[in-house]
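First chain A sits with chain B, and in the next complex the same chain sits with chain C.
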Partner chain A sequence: MSEGIAFYAIFFAAIFTNNILLTNYLGMCSFLAVSREVSTSEGLGGAVIFVMTATSVLNWLAYHYILVPFDLVYLRYIVFIVIIAAFVQLVEMVIERISDKLYASLGIFLPLITVNCAILGVSLFMVIRNYTFFNSVFYGLGSGIGWTVAIIAMAGIRQKMARSRVPKGLTGAGITLIIAGIMALAFMGFSGMIKIT
Partner chain B sequence: MAGFKIRKVFADDLGANNPVFAQVLGICSTLAVTNVLKNTVVMCVGLIFVTALSNMTVSLLRQYMPSRIRMMVETLIIASYVIIVDIVLKAFLPDVSRQLGPYVGLIITNCIIMGRAEAFALSNPPGLSFLDGIASGIGYSYVLIAIAIVREIMGSGSIWGYPLLGDWWTNWSIMVMAPGAFFMLAIFIWIVKGIRDKEEGESS
Partner chain C sequence: MAPIPQLLIGIGAISAVTTVLAIIMVIADATIANYGDVQIRINDEKEVTVEGGRPLLSSLMEEKIFIPSACGGRGSCGLCKVQVTSDIGDYLPTELPWISDEEKTENIRLSCQLKLKKDISIQIPEELFNVREYECEVASIVDLTYDIKQVILRLKEPAEINFKAGQYIQFQVPEYELTSESVYRAYSMASQPSRHNEVELEVRLIPNGICTTYVFEHLKEGDTVTINGPYGDFHLRETDARIIFIAGGSGNAPVKSILYNMLENNNSREALYFFGARAVRDLFLVDEMKELENKLSNFKYIPALSEPLPEENWKGETGLITEVLDRHIDSGENTEAYLCGSPGMIDAAVAVLTKNGIPEDKIYYDKFA
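Take a look at the complex of A and B:
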């Protein structure tokens, strides 16, 4: 276990130096599709932070208390994806019951999240890197925040871009990818600050 | 009739409806490994295998799946095939498997596989679905392999691990890092879209 790394180091590394979107390319699909408006990006970002933190907790428990003792580690993909899907479904039902307002703002994003690669990616990374329970919680939280920071920044840029003239072939996905590349360059400026592997 | 359909499936998935260019789908997990050609090819083969077989399985089961839990069943089918890929890689290519790390598992959440299962396999017979899986897998792979070739040559001056450019070449380290992949993919999309727009302009 990586006892040596402090949880706050992991937390900040997950946001800045190892941003799940800009250095690991996870969660690109919804990133490209939803980053048109700041308000929707905020909604999706909030949902991602919540689901990512909660599923990394659940998956850590499932992995270390069920899969490892029973020698079923090779089943982890199936177990993780089922836990994520079940959790998302559950949250959707709970939110629908409790608050109409929250459901209206968050509900439509929840089904999108099950197929968000970043959620599964965080669970897989935390298992491969052998994080302790506490570190995993902060890794999940940090990755969620990092993803949200990236998508909100992108949505802001794209709203500004709506009035500028983009070369014809680059409109849509092309220009978004170039902005993502420049953002990744900017985030590379943070590297060296903290290092996690 | 059958031959015509098969040809149409391939033409669609490789050209006009190429998942990467038309919808920018499923670049998540595979873009990450395009800094070295060898890993990309291994990943793409795995992806074609999973897409084809999961498409076929979904198509075989399509009459028995209740539509409420359809997505869940599809995900489980895909996950089972990904586990097979993972185990095979671990056994025969342990080095590559270690470098790919979690990205093999992330094939599960690749939107293309799910997308094909939803859009094609649910309404077509198993044989044709199998071919559609192969075709869309190939359509996706050749884009990524092209990106990987450029990135490896420019970023490490080699191809498939063999030095190609020699000592005079200064490696562009940006190419092997994250931004390189974004820029390369954007340029590819630009070129393809530009050509397509020109063709449309001429034909209309």
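Take a look at the complex of A and C:
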């Protein structure tokens, strides 16, 4: 049970020891596709942080106030997905309406993450691990930041690598996956510091 | 709980959740995403009113103004550029890969990425007003080789097309197994401009290519298809320089159009045509080219095979097109080059041409990505 875990422990664990991207390997496809430049990675990362936090709030409420009381926990996958998709669409419309600048830097990434498995993963982990509402918010926020840290680090490495000679068969996704593996090993150095599962 | 009521509760709950979300979305769509009508002012002379909130490219297309685009508005070809002369905000990250610094100073934008939120004024090349949508009937489909088909389309409405030899049209592929929405693909016209009533295309099969699969497996004589065009600035420049044509595969099409146009205009400029293929079975229209050699006083057709099969008994030029090219051109003086083929072939050929002293601004090409 999670009552005993402090929110800040969950927050930092989600960034480092249990980084959703590097320890669970979730959210891989946009990670591979959009990690070519640091600036676009920042935009996508910002969108992921926002959507992860907001959807973990919405999904926590839907889970504990709709699914649990009616004994419909088995429907959580479909409900979570529908809520995430609708929320992302709505946010995109609002951003597009109110600010061109925000839309240019963040909005256009939103459709990309509607189907990002890391977003769904966060919602599922938080209910499987029985987090309280407050802990879920920080788990969502921490996971988003952790994902962003990972993609920006990867984009930085790939930008540096643009000038290095990669064996032909490994260019593109191949070398990116290898780097992700090495980064995951590095992040494993944090494990053991905090346990949240 | 008994299984049946639980099932009903499940169905009810899902329906309730999705209904609530759907209602929210419908309301949002009608309020937040509703931009009303917007006016597009084109070249300070024409004005059209369209529904707001949609991309500029498709809004213009509905008004029968066709901006060239090969990807159908997904932002992956970078062709649908227009100059915007009113303030519409900063570039989107999806546009930036296609826009050069020079184009930024002129506010050239990618029209498929621009959603219309307010009135806008744009500048487009005058010739795009000539671009029309044509309804055609497939007059014939002939195999040129095992993987290239010649398709002749007879124009029905409008019945005539005016273009420059070397230009291309866009072929509309309707929805079928490989695509859930209709898409456009660009093909050069192999027919010369004097054939006003028809358009000849050369289509090479690309495995799983949306348009080529459609042409190879679904299109039949008598079918009705829609094209729009003409587009492109791949046409013969009016100089007296020697001409080098280089093409591979279906890149033959615009060259053929230019050659027949030269023949009809009694153009006797010196011209060399290097055609690259793998083996004899990849060559086509060789007899026509030989005939052109006889009729055009200064024209020479040089097919080059990179991997001729022993049983084919090939006696012509052998080697990569770039090697053959390098052997044939001695000086680049007063020479223009016209290239059509795959990006790899073009890049390699441009390197050989510049090495032999032909300046890059005398090299014109159509890249088929």
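Assorted remarks:
Going forward, the second predicted complex is superposed on the first by the 196 of 197 C-alpha atoms of A that agree within 3 Å, B and C clash if a C-alpha of one lies under 4 Å from a C-alpha of the other, contacts with A are read in each partner's own complex, and residues count from 1 in each chain.
Just so it is clear, a residue touches a chain if its C-beta (ideal position, glycine included) is under 8 Å from a C-beta of that chain, and two chains touch if they have at least 3 such contacts.
What you see is a predicted model; the values in this text were computed from it and never measured.
Once the two complexes are laid over each other on the shared chain, residue contacts for A:93 go to chain C alone; chain B is not touched.
With both structures placed on the common chain, the touch criterion links A:180 to chain B but leaves chain C unconnected.
Contacts of A:82 after superposition: both chain B and chain C are touched. Shared-chain residue A:26: touches chain B; no touch with chain C. Between chain B and chain C, the partner in contact with more residues of chain A is B. Once the two complexes are overlaid on the shared chain, A:162 sits clear of chain B and of chain C alike.
Across the superposed pair, chain B and chain C both touch chain A at residues 74-75, 78, 82. The touching residues of chain A, counted against chain B in their complex, run 22-29, 32, 74-78, 81-82, 85, 114-117, 119-121, 124-125, 128, 167-170, 173-175, 177-178, 180-182, 184-185, 188.
Residue ranges of chain B in contact with chain A, taken from their complex: 24-29, 31-32, 71-72, 75-76, 79-80, 82-83, 86-87, 101-102, 105-106, 108-111, 114, 174, 177-183, 185-186, 189-191, 193-194, 197.
Within the complex formed with chain C, the chain A residues making contact are 40, 43, 62, 66-67, 70-72, 74-75, 78-79, 82-83, 86, 89-90, 93-94, 96-97, 100-101, 103-105, 108.
Chain contact summary for the complex, chain C toward chain A: residues 1, 6, 9-10, 13-14, 17-18, 21, 24-25, 28-29, 32-33, 89-94, 115, 117.
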